[in-house]
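Each of the two complexes below includes subunit A, the first together with subunit B, the second together with subunit C.
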Partner chain A sequence: MFEARLVSSSTFKKILDAVKDLLNEASFDCSESGIQLQAMDNSHVSLVSLMLRSDGFDKYRCDRSLTMGMNLANMAKIFKCANNDDTVTIKAQDDADTVTFMFEAKKQEKISDYEMKLMNLDQEHLGIPETDFSCVIRMPSPEFARICRDLSQFGESIVISCTKEGVKFSTGGDIGTANVKIAQTNNFDKEEESVTIEMQEPVTLTFACQYLNSFTKATPLAPQVQLSMSDNVPLVVEYQIPDLGHLRFYLAPKIEDDEN
Partner chain B sequence: MTCNEGQPPTPHRIELCPDETKAKAGAPKAKKRLNSCQDKQNNHKVTEYFPVRRSVRKTKKTVLEEKQRSLEQLLRSETEEGLEVRIFEDKGRGVVAAKPFAKGDFVVEYSGDLIDLTEAKRREHKYAQDLSAGCYMYYFRHNNQQYCVDATAESGRLGRLVNHSRSGNLITRTVSVDGKPRLVLIAKDDIKEGDEITYDYGDRSKESLKHHPWLAY
Partner chain C sequence: MPRVKASPKKCIKTNIQQPTNSWVFLLKGEALELSEQYTGTGTPDIVTLRHPNTGESAVFLFSPANNSVQEILTYNEAKRSWFIDETVKSDGKMHLSTPIDPIFLVLPYLRKYCSSQAIPLDQLLRDEEFPETERLLKSSGLKYLNMIADRKGDEELNAFKYNEEKTLSWLKKKTERVAEILKQKNIHVGSSAMSATFVKSSKSESPADTDSHLRYAHGIVSEYLMDDLSQKLLKYLNLPEDPQFNLKRKSTNMLAQNDPKKTKVEEENKSSTSNVLDLSKPEQKTTKTPLLTSKDKARAKAASGSKTISSFFKKT
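Right after this comes the complex of A and B.
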């Protein structure tokens, strides 16, 4: 028996909005420690990694580890039927081929449940090694979304270069070039609006705009986003889900011209 | 302007030409597809950095840990399934398999009192005076320490009733459960239903052979 209950369904709505562009379907691995999801997009350029800790749920029970393959578009349809302040309960029997989502309205005058067929997905799991990143940048998540959106008008890829002066996002295309520089803030009053840069050594990497723009769909989840970079490893874009876990996106860098 | 080379262009034809409208509508799509195709060529893949791991495949370590855990569970619950006692004319009681066991399966525990060597010596001395009592002392080493499991006392447990054979179908292993060593009998080969289960007592001393000549076989 698996049962997980969360007082607000809006977190799930936001998570689904954040990943459904990249993934058509995904396996949710449920265990005593929580719910995990790891999946690559079709082109295998990016990887989504979601962790929801069991202690972050209002009620969590998982007698036996189980993997639930779900179509994310259908799951999103179901969550569209829930109000943001509805309580959501996800239930599945051991070895079940369906999962049930139950939404309870705040005053409990309305209870709806939706049963969805599970899918058997033969997905590849990747082992992600622990990495000490050369640069870790924390910045307001709407700011990052804005930069990605703005720059993607001018080129297909964004160069992120991080030095001790700050971080520079730049792109170039037929129209011309665009550069956005962000420096570390000295204002510690508002943590949510601060920019911090931890740098061991400078890094410059190039990434496809299309994927970065998809990642920023997760902006409503967290006020801050963390970008971790090192040479020759994928970029990590991380959104902390308050009290519950995190949503991470990994993005492999573009192949630079001089590499060929 | 022509959509069909064989026919002269007329205003009607231009309006009705299906190919052109299709080409117009199709153009941006084709471009997009080309782009994503280029993307794949120009972009590294995450699989180049992170090794692929089959989700169902467990590492050797987890398999061993799971095996150990299920064995400990069996020992704690004192399970003795798929076995029955049979009385043999020539050698008295023995244990036969009531279900098939696969090689490596846990079959039964040799259970009794876990005692140290000094206690074992004391008890052996006591048992030697009673000729009717059988020999149920099992000496073994675990983590470089000598132990003995004494199963002389009648108990409902089956491990003490398993007979000796030099070419038995079981082997003994020691397993640590909750910090205490326990003796388990594991299937050395596949065991068929109805087979008597036996193991090598390992005692070949002159003294023992004199009293128990069957130990030689």
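Right after this comes the complex of A and C.
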């Protein structure tokens, strides 16, 4: 028997909105420690990794670990039926082929149940090694979304270069070139608005705009985003979900032209 | 030697674009005969229907009352013309028609739509691409449809559900009859050449001989079957799969596809024979790669030039 209860369904809605752009379906691995999801997009260039800790839920029970393959578009349809302040409960039997989502309104005056068929997904799990990144950038998540959106008008890929002076996002295309520089700022009154850069050595990497734009669909989840980069290692874009866990996107860098 | 499937193009009209359209056509008498009840105009009609093997357009002939169907075969040699009275017709093609069991033409529709549910026949035989398909309803051969399908519901409803078991046994009978005729007519089907005057010393037949007759007959019947059904029939007949045979057929198919001229002619035909776009080919493609939206394509394009993410992480 698996049961997880979360007071606000809006967190789940936001997570779904963030990943359903990249993934059509995914398996949720439920264990005593929490719910995990790891999946690559269709082109196998990016990886989505979601972790929701069991202690973040209002009620969590998982007798036996189970994997639930779900179609994310269908799951999003079901969560559209819930109000933002509804309490959501996810339930499944140990070897069931369906999962039940129950939405309860604040005053218990309305309870709705949705049962969804599970899928058998054949997905390989990747072991992600702990890496000491050369650069770790923390910045306001709306700011990062804005930069990606703005720059994607000019080119298909964004060069992110991190130096002592700050971070530079640049791109070029048929129209011309675009550069956005961000310097480190400390805002002690509003911590979520500050930009911090931890740098061991300067790094310059190129990434596909399309993917970065998809990652920024997770912006409503967290006020801050963390970008971690090292040479020849995937970029990690991490959104902390308050009190519950994190959503990480990994993106393989573009192979530089001079290497070919 | 197994009979290699002939190119289906032989039954496609190829001289339609000529405005002064006359054909040399050999027709069996019964197609011109009128049944007693029938009082309409007495000319047979030539229409395009979906070919049961390829799913592409092919030309068939309906008798005046629609009660019998004949397929039209075109025999073509590059350098030949006809003398007709005082004129020369440069197009040296010869068209022949032979009766065909309409059940073969209905079979692909049944297999496609009626394997899980029963559908009334008049709904089943509605093909937007080939509106003339409806005429098959009137053909007399269709009363034997229960040989390949189960009738469901009322007699009046005329609804059928595909039955593969029945179909295979029906096809087996067909194949055996063809093999019988091949034997009677003494058509040589072995893999080696043989003199026409050669007389076998012993009358008793070896089982291998029957086998090769059956295989040859299977080749003929398969010209009117989808490839997968043809394979199933081969198994049902207890004939081992012949790798050589498959190879050969594949290579001929490839040849046909690679010949740009041929495909061009075919396209021209398509546009001239029916105004409706032929959707059969793209349909097949979409089933192979489902749901590739423009977004997915854009993403695949964006992904180019990156290594796959799994190359960075260990598989567990």
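By our rule, the second predicted complex is superposed on the first by the 259 of 260 C-alpha atoms of A that agree within 3 Å, B and C clash if a C-alpha of one lies under 4 Å from a C-alpha of the other, contacts with A are read in each partner's own complex, and residues count from 1 in each chain.
Just so it is clear, a residue touches a chain if its C-beta (ideal position, glycine included) is under 8 Å from a C-beta of that chain, and two chains touch if they have at least 3 such contacts.
Note that the coordinates shown come from a computational prediction; the quantities given were computed from them, not determined experimentally.
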{"item": "Simultaneous placement of subunit C and subunit B on subunit A, clash or fit", "value": "clash"}
{"item": "Subunit B versus subunit C as contact partner of A:27, first or second or both or neither", "value": "first"}
{"item": "Touching partner for A:123 - first (subunit B), second (subunit C), both, neither", "value": "first"}
{"item": "Touching partner for A:252 - first (subunit B), second (subunit C), both, neither", "value": "both"}
{"item": "Touching partner for A:209 - first (subunit B), second (subunit C), both, neither", "value": "second"}
{"item": "Which superposed partner A:228 touches (first subunit B, second subunit C, both, neither)", "value": "neither"}
{"item": "Touched partner set for A:67, first subunit B, second subunit C, both or neither", "value": "first"}
{"item": "On subunit A, the residue positions that both subunit B and subunit C contact, one per complex", "value": "40, 43-47, 124-129, 156, 208, 210, 233-234, 250-255"}
{"item": "List of subunit C residues in touch with subunit A within their complex", "value": "291, 296, 298-303, 305-316"}
{"item": "Sites on subunit A touched by subunit B in the complex", "value": "27, 29, 40, 43-47, 67, 123-129, 156, 208, 210, 232-234, 250-255"}
{"item": "Complex contact set, residues of subunit B against subunit A", "value": "35-36, 39-55"}
{"item": "For the subunit A and subunit C complex, residues of the former touching the latter", "value": "24, 40-47, 124-129, 156-157, 208-211, 214, 233-234, 250-255"}
